[in-house]
Each structure stands twice: as C-alpha cells, then as structure tokens.
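When the chains are written out, they are named A, B and C in that same order, and each has its own residue count from 1.
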Amino acid sequence: MSIDLSQFKQTFIEESDEGLDVLESGLLALDSGTADDEVIHAVFRAAHSIKGGAGTFGLNEIASFTHVMETLLDEMRDGRRAISKEGVNLLLNSVDVLRELMDAARDDVAPEMSRANEVQAQLDVLLANNDGQVQSADVSDEEQTGSGVSNSGSEQKGWIVKFRPHEHMLRTGNDTVRMFKELSSLGDMENSADLTTLPEFTLMDPELSYLSWTITLKNNEEQGDIDKATIEEIFEWVEDDCDLTIEPLFEGGLVETEIEPSEPVENVIPVAEAATISDNVKPIEEPPVENTSTERVSPKKKKSSEGGSIRVGTNKVDTLINMVGELVITQSMLSQMGDEFSMDKLEGLREGLAQLERNTRELQESVMRIRMLPISFSFQRFPRLVHDLSQKMDKKIELKMTGEQTELDKTVMEKIGDPLVHLVRNSLDHGIESPEIRLAAGKSEMGTINLNAYHQGGFIIIEIVDDGAGLPKDKLLKKAIEKGLVSPNENLPDEKIYDLIFHPGFSTADQVSDISGRGVGMDVVRKNIKELGGNVDVTTNPGKGTKFTIRLPLTLAILDGQLIRVGSETYIIPLVSIIESLEIQTENINSIAGTTEVYKMRDEYIPLVRLYEVFDVKPETTRLQDCLLVVVEGDGGKAGIVVDDLLSQQQVVIKSLETNYRRLDGISGATILGDGTVALILDMSGLLAMAKEIEPVRSYANA
Amino acid sequence: MPKSILAVDDSTSMRQMVAFTLKGAGYQVTEAADGQQALDIAKTRTFDMVLSDVNMPIMDGIELIKNLRALPSFKFTPILMLTTEAGTEKKMEGKAAGATGWIVKPFNPDQLLNTVNRVLS
Amino acid sequence: MSNIQDIVGDLDALTDENADQYLTFIIAGEEYAIDILRVQEIKGWDKVTTLPRTPEYLQGVINLRGTIVPIVDLRKRFNMPTIVYGPTTVVIVLRVVGEEHDRIMGIIVDGVSDVHNLKHNSIKAAPEMNGSIDARFVSGLTTINDKMVVIMDIDTLLNSSDLDLEDNVA
C-alpha cells in the first residue's frame, strides 16, 4: 500500500504557519518576561509538532532544523537552561528560517539553506557551550537492535522465549494472544503455560495476569532463520511489564534451559487452551456501537502562496447547515402550497414568502460571516516587528493590543496588512522618542504603542496610538509652504496641517531612515485604505503622542445601499456615504461664478452634482425643484447629488465590473437587482472628483 | 463490522494522514484534536483502539490515557502513543499511565498500518 | 445543410484535425465567422444597463447568471448604420482571451446563421481591405456557398486595451 503524502503537506504547512506564529509570540512573551509555564509549553509543543509533521511528510530540512530548536526549548522548558535574551533572539531567528523553509516547501522548490545552516550552527554552539546546566540528553534507546550475537551458532534451530507477564500487564491493553499469534507467524511454535501461579478460582482477579509461558520457536525452511530482534520487537511494548528471556534453541531442544522447578505434567496445557483462558481474562469486547464519526470539515486547500483557504470554526458551519435546513423546509412548504393553491391560502403564501426572505437573509449573513476572521491574524506580526525595530533603534517600546478578536472580512484583512505595518513603523520611527529624550521630557523611558480594534456600525475601527512626541506642526507647515502646497499667508486649521502628512511626496523625517522610509509614503497608506472603502485620519497632541484612526468596512462583499433613479437608470449610493436626503428648495440654490451650483444647507454651502450631467444620461427633468437631493460625504467633502427619485434601500451584493471589463470612474461596482437587471454602485469620492472636472457652463433660472 | 479507531492529534495534517491511511485499510476512524475532545467522545462510545499524540494542548496524551483507563469500557482497549520522543522517558511515562505501546514519529503510512494491523489482527 | 453530402462532410471535418468549427452570423447583410469553441451561449436581446462615459458601441452590461457581462454592439463598433433591436437580434456570449485573464463578453449581431466546418487550408489571409471593418479585426477570409465570409479576430476586437484606449471620451 502506498499513500501519497503530498496531499497532507499543504495542510501541514498551513498549520505550521499557525505554529510558527505561536512560537514567535511565545518567544516574544518570554523575552519580555511576561511568559508563564503555559507559554513555554505551547512554544515547545509548536516546535515539536512542526518537527514531527515535517519528518512524516518528508520535509527533512525542516525536521532536522526544528530538532535543534526543540532541544534548546526542551532544556528551557525543563528549567535546565535559563531563558536568555541571546537564546530567545536566536530562536526568533530560527522562526524566520523556518518560515523561509516552509515557503520553499509550499512552492515545492529546494530550500535555500545558507541562512538555515548559519542559524543552526549558532544553535549548536549555544547548545554545546552551556555544559554547566545540561546533562546530556542523549538517552537514545537505539541500543536494543543488537541482535547478531546469538545468531551465530550453526546448529541453532530457533529460540526459547520465557515470558512471565507482570500481573498488571493486561491493563495496558497488551494482549498475550496477539503476541503469540505474531510469534507463531515467525516459525513453528510450541507453547506451554505454567499454571502453578494460578490462584484459587475464587481468589482470581480476572483483570490480572497470572500465567507464565515457555515458547519454543523453531526456524522452519520456508521462512528461514528467525532474527532475535524480530522477537524482541514483538515484546517491545511490554519490556517493563514482564520478565522476558530469549535464548537460542539448539538441537535437542531445551538442553540447558530446562524449566527449573520441575512441575506436574498436567499443569502444562497446550497453547490453544491457554489462549482461551487468556481470552476469557480479557474484558467482554463490546461491539462497536454506531459509526458516529465526527470528522472535521477540512476545507479544500488551494495551491497558492497566498493561502487561498479559510479555516472556519465548526460552529459557523453548523449554523450554516441549520439555516440551509430551514431554507429547505420553507421551500418545500412553498412548493406544496403552489401545487394546490387556492385564494384562501394567500395569507399562508405571504407568510411563507416572508419566512423565505428571512431565511435567505440569515443565510447570506452567515455566509458572509464565514469570511470574517479576527484581526489578531493581522495584529500578530506586530510584537515581533516592535521587538526587532526597537532593538535596532535603541528605543524602549511596549506594544499593547486590544480588540484582537474583532472580526473583519478576510479580503479586507489581507489588504490592510501593509498599511498597518507602515503606520506602526512610522510610530516607532517618528513617534516614540529615544529613552534619553523621553527622560529629559519627563516621560518614562519606555514608550507605548497601542493597537486597538473595535466595531462601530458597519465599520471596523483600528487605532494606532503612540505616546511619542506628536507631529511637528511648524515643520509640517514650513515644508508644505516650501513645496508650494500651501501659500505662506494661508491660515490653515491645525487638523488640515496634520492632514498634510497624507499628501503625496510628503515626508517629515529629516533623513529617510530604513525603518519607515521605504519609498512608500503616508499618501500610499491613505490611498490603499480608500480603495478598501475606508479612511484614515490623524490626531496629535504635541509632546503627548499621535493617534492614527483607520475606518474600514467590515466586508467588501455586501453593502447597504440607497437605490436612486436618474432618467431610466437606477444607481445605488452606499448608505454610509449618505448624510441626508431632502427636497430641493429653490431659494437655497446659489451659483458661484455662474458655473458651480451650491446649495445652502443650514449654515453650509454644498456643491450640487447633477448626476445626469456627470454620467451623460437623459434625465426626467433638469428643473431642480422637481428633483431630490441626496447629501453625501466623500473624499473631497460634502456634495448634493441631484436625482430624479429615491427608491428603496436594500442590502446588495457587490459584483466587480473588472472581471469582464474594467474599472470605471465614479463607479465602485455593480449589483444585480431583484428583477435580474444590473445596477451600478456609485463611488462617491470618484464621482465628486469627476464633478469638479466637468464644471459645465450652465445657465439656469434662479427662482 | 469494521474495527473502530479513535485518532487523537492536535495537528490536522497528522490526523488527516492517520485517518486517511486507516480508512483506506477499512477501519472506521473518529478524529479528535486534543485529549479533552477525545475523552468526551470516549465517554459516549467504545473503540477497538486509540491512537494518540502525546504533546497536545488542553489535555495531553498522557493525561488522556490515564483518563481513558479509568473508564470501564477502555480498561483493556489498546492505546498507542504517537510520539516523536524517541527517548525512553515519555514512553515510560505513557506506559505508567496505561499505554499499550507506541509508534515513533516520523512514521510512514505503511509503518502505521503494520502496527495497527498487528494489534487489531 | 440538409443534404447527406454536407452532413458526411461535416462528420469528416469533425474528426479532422485540420479543420475547425465556426459559427457564422450576419451584420448588415454580411456574413462573419467566429471560432465556435469561444462561444459560451447565444441569447436573445434583452435590456442592458448602460455604463457612463464609455464608448458608444459598448452597449452596457447584462447579468449572466450572477456575472456582470459587457455587451458590444458590432454595428456601432464598425460604424455601420444602427437598427432597432428586434426579436431576431441576438447576443453571442464569447470567451475573450486576454493578456492577463480571459473575459466573458457579448456581441450584438443581426442574427446567427449557421455552423460550418472549415478546413485550415480553406482559410486565406486577409488582404489589406478598405471594407466596413478594420483589417486588425480580421484573422482570415473563406468562402462558404460561393460567398465570402470574414473570420473575425475577437480577441483583438474585444480585448481590453482596445476598449480602454477610447476610455473617458466624454
């Protein structure tokens, strides 16, 4: 039988990724001295599992590398070795090496071993030079294979095995019958049991073993000579639960090793009978009850370095299955009703349809929830990042995280990773001051970075807060003026000045360091976040610290939308961008420079966007007083979208236009309405930018 | 009636491999991801054999074996440890807890099957 | 196509590795052919949702079982006189092979005419033409029932760069 092990390799690599994360976070906890026993156990277990799996699935480089790590961890676990900074750092490096080796395994390429060898050599050195604490752990049990000794005698005919199980042996689940069967498969076996030790029947404990056996095992011609090691192997598991001697059998039978106390012949019974007794001693074998197999649902693995699979909790799957069950019931109820429908069943039909709608919605929500993962998947890289970078920069920084269990869509999570890293690096680099400066400023020398996540409405909020120096307002302003972004006499409010850091090509670091200056600026961070339908803002308190707040939609797959109509076209405006909808009062319309129309709303003037103009479609009317205004907020501020009519609000599933066509300005995607037609979803920021560009020359009758 | 085996390992890939191998040989396999899960299952039914990893979170293999042996229906059931520890220490600890024997990792499917067949023959 | 000879010929061609099957369709009285393996399905004309600020010949998008599929009006694409869409107006849904990925797109034609087996050697290279369609979109010419049929290069015709080039012409 041969089984293709490669089918499990992908699973192994995925679970090892998780194991490596456990290793890393555990090591970081050890480093900061916050680890308890459970942490070191978890760390050891992770390394141990990786080693075991790697060996099994043929990833030998990983197995042997992990073996050295494991040895070191084992010593740390048992308290034989102090947990030193040096050791932890080396182990952290080892985690990196393992990640590289895993990546190579994932892509099925030969691993690059130079770094692995280097780190392994360092591990070996560490292991070797610490003789004070370590007792050689080399208690190998390989010596048992020595077998050749007694095999030499030319007239040897086989073996005599004397086997006296200890009373409790059966309690280990080892069965003498099985061993006899195996022995008998090696050659010609004769077996005699010594019954002298058997107690009175009434004193007998059926769970104990009282007998001892003398087994003569003769080589036969077909099978050839029996190897002593083979016999030993059969008794391997009970070595310590029995007295066992295996001696060579020479011609003439039991010459030297006659059973010492000569015993009455009638007490030696043939093996078959003995086996029966031993069988009776065994517990009643319960028939296996039912095949209630509880296999776990294992999602199909995709061969992709991005890891195309999601691990879904069984509870989520159970919920889904329940809902599908309900859906099926509703469906069959409805179809039954359809088969024999009469008007008096109308009420029932309505109820059924309402139930169907509810089922469908719940199912949709649950399916969406499958894609939701806790943000800890994204946060978990930061302890290491902060650890490494603060060492590099000689800063003392503590990272605190809250809300790691806050869930968001997997796709959003994947895309927010890089911007988050950039912001955290930025806080490390530019935010937190060096210990000396902090002390001089009367702060504790240990800086703090907080990573917080929580839900707010349909959004997830992620905050990156540092207690550093805050943003240098004057420097920002000076630079903006230098670059011509701001005119020298312009009077900008503070928040606009701070917002300048998101402007393309704007870096405040006097020197671009290799920590945050990687050619990627804050403008890219903001751009990436906006592409996800979110936003990022900064607030700062000079001398006290800076806070970046990221707001992201929980999912990219569904959206709450307001359906609107312009002419014969239906569009969808995301509800989150809508501030309010109102009827247009003509007296509130003004125009600036004869072209841009603005609408006075309370104490604000907001530009009007005639959607039919931007999109070049035929409207029902161009008379504003017959139109409705949807006030929205996009990237470029507020605006009033002029529409013919407001239709319903509904949750829509977002479909991409790019699959078969391409991205369009002002459109974030499309959806399919209840009647099967396609409606476009408007992208407010894009739309407002387009509206600014066209600035048509228009004359209109002001009331 | 196929013989039933309870396979316990916190590593999914290992569990999958063990289950796949044994099912392929006609055994009926139930999987558990840690000792506690295994014990919960064991309390509801019997098995012809238990294969358990040693190092597991929540409840490790040694603890599981002790607990299983305390159940009347598992008093004599063969329980094999799947262990990477080639050293005698773990084996002895397992034996003391009531393990029948062990299979040393890394093992290949053939080795696994040979051992299981041997015990369940 | 009903006489025995033709059918036998078709069968020959089916098993002939030197021949391919083509779907022919009519626009403005002219017959065009496309590789039948690219045809996903043929649908009757239905309402489309227009996309703002796209070339006029991009008629809009339709919902094809949950996927958004763009539809190109070939008459408009080739600057032919437009007609009112009627019951015979047909949308041929095609797989277009692109540089990055394949796309599903539809073309609006006056009507579908037939399926033909064309031997490779019966397809001639297209000469520089000044006919109604651009030579870029023609991959060859052939003769079916004494009539010239243009074999269309749908990948060039419908590829993204061509559609994107004329992007944002307000």
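The criterion applied here is as follows: contacts are C-beta pairs under 8 Å (C-beta built on N, C-alpha and C of every residue); 3 or more make two chains touch, one makes a residue touch a chain.
Here the structure is a predicted model, which is why all the values come from computation and not from measurement.
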Problem set entry | Chain whose mean Cα position lies farthest from chain C | B
Problem set entry | Maximum inter-chain contact count - chain pair | A-B
For this session: Just give me the whole-number Å value for how far the CA centre of chain A lies from that of chain C.
Result: 46
Seminar exercise, completed: dist(centroid_CA(chain A), centroid_CA(chain B)) in Å evaluates to 27
Problem set entry | Centre-of-Cα separation between chain C and chain B, whole angstrom | 63
Exercise. At which residue positions does chain C touch at least two other chains?
Worked result: none
Problem set entry | Residues within chain A bordering two or more other chains | none
Seminar exercise, completed: Note: in the complex, chain A contacts chain B through residues 1-3, 5, 7-9, 11-12, 15, 42, 44-45, 48-49, 51-57, 63, 137, 139-142, 170-175, 178, 181-182, 207, 236-237, 240-241, 282-283, 286-296, 298
Exercise. Can you list the residues on chain C that touch chain A in the complex?
Worked result: 47-54, 60-63, 66-70, 103-105, 160, 163-164, 167-168, 170
For this session: Under the touch definition given earlier, write down the residues of chain B that touch chain A in their complex.
Result: 1-4, 10-14, 16-17, 19-21, 24-25, 28-33, 41, 44-48, 55-57, 69, 73, 75-79, 84, 86-89, 91-92, 95, 98-102, 105-110, 113, 118-119, 121
Problem set entry | In the complex, chain A residues that touch chain C | 569, 614-617, 655-657, 659-662, 664-667, 670, 672, 676-680, 694
